[in-house]
Amino acid sequence: MKLVTAVVKPEQADNVKKALNKIGIQGLTMSDVKGYGRQKGHTEFYRGSEYEVAFLPKTKLEIATSSKKLKAVLEAIQKAAKTGNIGDGKIFVTSLTEVIRIRTGEKGEKAL
Amino acid sequence: MKIFNRLLILAVVLFQTTTVFAADAPKPVLNPGDTAWMLTSTALVLLMTIPGLALFYGGLVGKKNLVSTLSQSFMITAVVTITWYVCGYSLAFMDGAKGGFIGSTSRVLLKGIGIGDLNTTIPETVFFCYQLTFAIITVALICGSIVERISFKALFFFITIWSIVVYAPVAHMVWGNGYLNTLGVLDYAGGTVVHINSGIAALVLCLVLGKRKAKVKPHNVGYTMIGASLLWVGWFGFNAGSAVAANGNAGMAMLVTQLATAVAAATWMIIEWLTGENKPSLVGMCSGAVAGLVAITPASGFVGPSGAFFIGLAAGIVCYLTSAKLKNAIGYDDALDVFGVHCCGGILGAILTGVFAVKAIGGTAGALEGNVAQIKLQLIGVVLTLVYSGVMTYVVIKVVGLFTSIRATDAEEREGLDLAHHGETIA
Amino acid sequence: MKIFNRLLILAVVLFQTTTVFAADAPKPVLNPGDTAWMLTSTALVLLMTIPGLALFYGGLVGKKNLVSTLSQSFMITAVVTITWYVCGYSLAFMDGAKGGFIGSTSRVLLKGIGIGDLNTTIPETVFFCYQLTFAIITVALICGSIVERISFKALFFFITIWSIVVYAPVAHMVWGNGYLNTLGVLDYAGGTVVHINSGIAALVLCLVLGKRKAKVKPHNVGYTMIGASLLWVGWFGFNAGSAVAANGNAGMAMLVTQLATAVAAATWMIIEWLTGENKPSLVGMCSGAVAGLVAITPASGFVGPSGAFFIGLAAGIVCYLTSAKLKNAIGYDDALDVFGVHCCGGILGAILTGVFAVKAIGGTAGALEGNVAQIKLQLIGVVLTLVYSGVMTYVVIKVVGLFTSIRATDAEEREGLDLAHHGETIA
Amino acid sequence: MKIFNRLLILAVVLFQTTTVFAADAPKPVLNPGDTAWMLTSTALVLLMTIPGLALFYGGLVGKKNLVSTLSQSFMITAVVTITWYVCGYSLAFMDGAKGGFIGSTSRVLLKGIGIGDLNTTIPETVFFCYQLTFAIITVALICGSIVERISFKALFFFITIWSIVVYAPVAHMVWGNGYLNTLGVLDYAGGTVVHINSGIAALVLCLVLGKRKAKVKPHNVGYTMIGASLLWVGWFGFNAGSAVAANGNAGMAMLVTQLATAVAAATWMIIEWLTGENKPSLVGMCSGAVAGLVAITPASGFVGPSGAFFIGLAAGIVCYLTSAKLKNAIGYDDALDVFGVHCCGGILGAILTGVFAVKAIGGTAGALEGNVAQIKLQLIGVVLTLVYSGVMTYVVIKVVGLFTSIRATDAEEREGLDLAHHGETIA
Amino acid sequence: MKLVTAVVKPEQADNVKKALNKIGIQGLTMSDVKGYGRQKGHTEFYRGSEYEVAFLPKTKLEIATSSKKLKAVLEAIQKAAKTGNIGDGKIFVTSLTEVIRIRTGEKGEKAL
Amino acid sequence: MKLVTAVVKPEQADNVKKALNKIGIQGLTMSDVKGYGRQKGHTEFYRGSEYEVAFLPKTKLEIATSSKKLKAVLEAIQKAAKTGNIGDGKIFVTSLTEVIRIRTGEKGEKAL
């Protein structure tokens, strides 16, 4: 099983969610994060003082999925999150050694 | 019949003049209309400090110092009420030696005050409360330069003393029968007493305290806008209330206040728009409005609409420069620009009062009407206040520093004063 | 000479009475100054509830119950306006049997009210609105003990009934020509009618409802500070407005209100500073201020500055103990301390009114001026209100409970009432 | 001398009574009570815009457009003050051709205004300020339909022009000696001038601008509730202040305002409760309150309590339908329902004024008292305002569009106008 | 070493914390996230407009632990977080290749 | 490739960011978290009621990096985040099986 972590533009998050739904992904954890990469932050001025705001708002989506579905998940995210502008974000994949559904105690792929 | 009516109009006017100034005039009589407006003005000026100024300042600090900043204004409201009751009011407004420096102790602890006592046409109790709200906001304004690092304990002792040994004498000299008043210095609603006074104190304090470890951007521009709005609205009580009557003077004071404020806000906005980041910021508009309010304060009972227009324009430009440029050029850490906006704006207003004063409005002509000497008088008021308040502020904070540390520790500053000094956090 | 003065005063008064309605009618004439102040006071007291009290309470609850807490005050403002219009006002203020329990139905649905009707020197319409704002805030205060778990539906029915069967009679007994008024019980601005009344109702309700599943810390101390500030400022309308005139009594009421509030805020702050966590909290200062406001309320037209000082001091100490110690010792879940601050503060103020009343101010002497019997009268007022309101509150909530569940379900409570009862969330 | 003074006191009192009622009275004399109330009303109405309306709107937009939304109200307050000073006031309120379309230029730049000039019984300066606050809020209301996508620059130019070429003539026609006033159209406090006028302008603008890319749910219902509360409280200055006196008319205006608002808030709440999601939302209650305030505005000096009750009821129902149903059915993106609440509520109020007007209250009978023709007059006022304001708004925005882009770019809209147009963000 | 990531109901977080304390876990990182799975979000209405709020508030707990203690940790979380209703949440386990305590520079299990 | 997750004191985050910049790290994802370990929370009092605030504000930084650069990254973080007081925080390292740049579809180290 894999944990797919996608950092995307906040305004694309809904799109990604829908795309994942379509390919049968039924669970998702989301959080507000900030980041920078090629796309840098900006400077704000308050009464002449500069404040560098280095980080831009991004949305982090975490999806635990079976290795089998991984490819479909990655493709769905890429398609749905892409605007073609810098700052579109990244996808990171790590291996999961275990997944447990708390309510039932189910483990592994059944728990997804 | 018409003639009789007209004579009566004349009589009314005469009467209103005679009672106040005539030597053998009878005790003035209570006017419910004036009293209504002064009760209201008192509420409006209190609203300026809590929650107005508290929010204006609170929005501009970092999130971990919001509770601390709000607490300062709230604590000051409570404590200055007590010092004003104990002796501040008496020292400021009871007659002392004519042309002197301090009032008498005849109303210490408000002894002898009754429901029948009047000040001009309103109850003395109302006058006490109204003037109290000025003392409160003057002290609260100071905090803007020292937020995010002052020790709450030191502040508590500092303001207790300052409200007595600095505010009361300055108020007496300008508004009581003290030196500057006798001299003929004009300060309708507190350009010197409130703004120069607090502004110079703020500068001294921030120099004594030193800079903050880190500057963070305003954490809640929304609060700042609410605060600026309440200051604007409440300032009607501040300036139009300074007529101590619901009459044509109050009306004109309201008008010039509104106009100068609007012009200064627009000016600051446009300067930002055409320079720097090319963006008109909300903090900029709010700062401009406050600058306009400050600058028109001493002038509000003396100038007409065109004077107000120019005062607003000048305030927008000058306070922008002192806050956004001068401070960064020199490098003192007047966190929320109390010196840049209140002291500089107050000085500007005091001087321009001497320029734009209209005899038909406030009884005194300004330079434009030929009375150039008024500018000199105004400068005397400015300098005396700067020197007295500046020096005394330094003395008071140094004395307080003998007994308690005046600055938060580095750890407290890093942690935020909310948790360190108040044990509370905003989630 | 004095006699001549008095004749003149009489002349003025007589004159004001005679001119408009001519004849020798003793009916009072409208005074624009008094009317101006009462219009303003009405606005100020409404401001106390929305947004004042709503924010004061809203900041103290958990984030998932903010909308719910704000909604309670807002809904109550709307609904009590309607019940007051339908019959509350008439039952409270129209003359019933002298020394009785309830007023008459002569102004049900405001029948017959016109722009010429006066109450003393102000339009009856203004008096209606002013008194309405008291009814609103009394009901809204109750909610503080039952936030985070009361069913909105049950609350809706409860307050509709309570505002009629509890508030109107109590107001009539104290301020109409009812029992306590005839007896000579003093309650200038609502120590019994507003604070004891709502405070005991709050206690009964929270006992009936039971404790919250979980207590969370105040989610937004900033809102609480804004709310406390608006309560403070608005309270000038509450207390000084209770003079129903812009005169020396209003002025003194404003003064003692400001002083007692400041002293109580400082007292609570200092207690916290010197005990417990050794930190002066903003919530503590705000609580102290409200405690002072509550305690001075019944006394505000009867005592002078020194009385106010001691009432403030006592309020700070007593309400700190009842809120921070007594509640935790006994263990009822009066979430936002309506009983501890409003009921206990109200009782304290009612009794101390009997102690500190000054004849020259409000026309009645207190124990310190030799009239010890006044304390007994005050106690009668306190006990009667406690018993009547306590019992009736119990009856009303039980009746409502027959028709609808009075408490949110466990799931709703966990989810937060915002989403559960209003379908809205604060992001 | 003393006796003479005393006689004068008597004279003053006598005089004040005689001037107002005497048939051949000379120029009216200043009344301090009326003046006190109008100074206060001015503060109250300004409070409605900043921070009232700003917060009401600000809470309903997405978080990334909060600064932008607050800035609009603040900027408008500043700019409209200047246009009003330059010529707006003169064009609106100085006598032009009787029954005409626009006033004269005699008070351009307030030339010649002095502290002795009166408007009825208050200083003209106060009248200027009071009317200014109406001009400000009318313009600020418009923004509700175009938030989250209007260019700040285009808005700046648009409102500068609109406040002169649309607001001033409409105000003149209704409240000056212009066409609709001469005709006998009733609009006590601005149903046509403020609400229909801004509401139709808002609709035109949102149609010209097009829809937002994305709609997000209100980001801060708390701000919306604070805003609605300040609107409610401030509206006492709006409606009761429109009596331009502290008298029985002001009192009745306050009463009907309170009642209609409460009924409309309760109505909207109950509709939501019994339909749709079965939940009474806070945004719904607030919307209902504003709907009630809008609808009672034109009627507030003409109807009694029962009229107010029905107007409130109708406003709750109609504005619910126009905002929650009609808009979604048709599909224009009037973001914050300026058309649905202000235009439709204003039309409803204008018509119902013609129905419920009571001769004994405002001097004009309505249809229920037999004067069915009044409804026709009201409709003329409605239609003329709709057409004039609608067409002119279209012209003005198109002209502005020739010089600058009127809509934020897609990137700016996505990023949020806070950062894009003001360079500020709420953390 | 393992990184245990548990997404649980916010109101159960405190419980989980206590349960972990009991079995000797002395460090924990928490964050507010939003998620959906079997348990879906809700719809809010504002003046008749519907806004779908797809994600529910959840609390994410991250615990780095030795492989030895893993079983105890998983059990403690499951027990403490379980209410039996849908939305109880999931546990994800990944492998940690290194842990460092910044203050001391300690590495590996000593750094936990 | 590795995913480095550092939980540090909020006031040190900027320092860490700069240190990483210096060694050529050009992307970073940040989020506000809360945690406790050796450094415990505090208690707040409101009107005499105690509320335990167990968690302290921390900043979580996530950096995806090539295994080659790992050592430099770890050192940079340690140096920049260290104050020597408890609560300085932890660094966790996990393996990344894949990284994708959404905008271009680049994979692996090229995507970093």
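The letters A, B, C, D, E and F name the chains in turn, as written, and every chain counts its residues from 1.
FYI, a contact is a pair of C-beta atoms (placed from the backbone, for glycine too) under 8 Å apart; a residue touches a chain by one contact, two chains touch by 3 or more.
Given the structure is predicted, the values throughout are model-derived calculations rather than measurements.
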Shared interface partners, meaning chains that touch chain A and chain C: B, D, E, F
Contact-graph distance - origin chain D, target chain F: 2
Reaching chain E from chain C through chains that touch each other, fewest steps: 1
Homomeric contact chain E-chain F: same or different residue positions, threshold half: different
Averaged-CA centre spacing for the pair chain F and chain A, given as whole angstrom: 17
Distance from the mean Cα position of chain D to that of chain B, given in whole angstrom: 32
Between chain B and chain A, distance of the C-alpha-averaged centres to the nearest whole Å: 52
Two or more partner chains touched - positions in chain A: 31, 44-46, 53, 94-95
Per-residue multi-chain contacts in chain C, two or more chains: 31-34, 36-37, 40, 217-218, 246, 277, 279, 281, 283, 423-424
Touching pairs - complete list by chain label: A-B, A-D, A-E, A-F, B-C, B-D, B-F, C-D, C-E, C-F, D-E, E-F
Of all residues in chain A, those that touch chain F in their complex: 2, 6-8, 31-38, 54-55, 58, 60, 74, 77-78, 81-95
For the chain F and chain B complex, residues of the former touching the latter: 11, 42, 44-46, 53
Residues on chain A engaged by chain B in the complex (per definition of touch): 43-49, 51, 53
Footprint of chain E on chain D - complex, ascending: 60, 215-218, 272, 276-277, 279, 281, 283-284, 287, 323-325, 327-328, 337, 340
Contacting residues of chain D [partner chain B, same complex]: 1-2, 5-6, 8-9, 11-12, 14-15, 18-19, 22, 24-27, 29-37, 39-40, 42-43, 46-47, 50-51, 54-55, 58, 66-67, 70-71, 74-75, 77-79, 81-82, 85, 109-110, 113-117, 122-126, 128-129, 132, 152, 223, 246, 421-424, 426-427
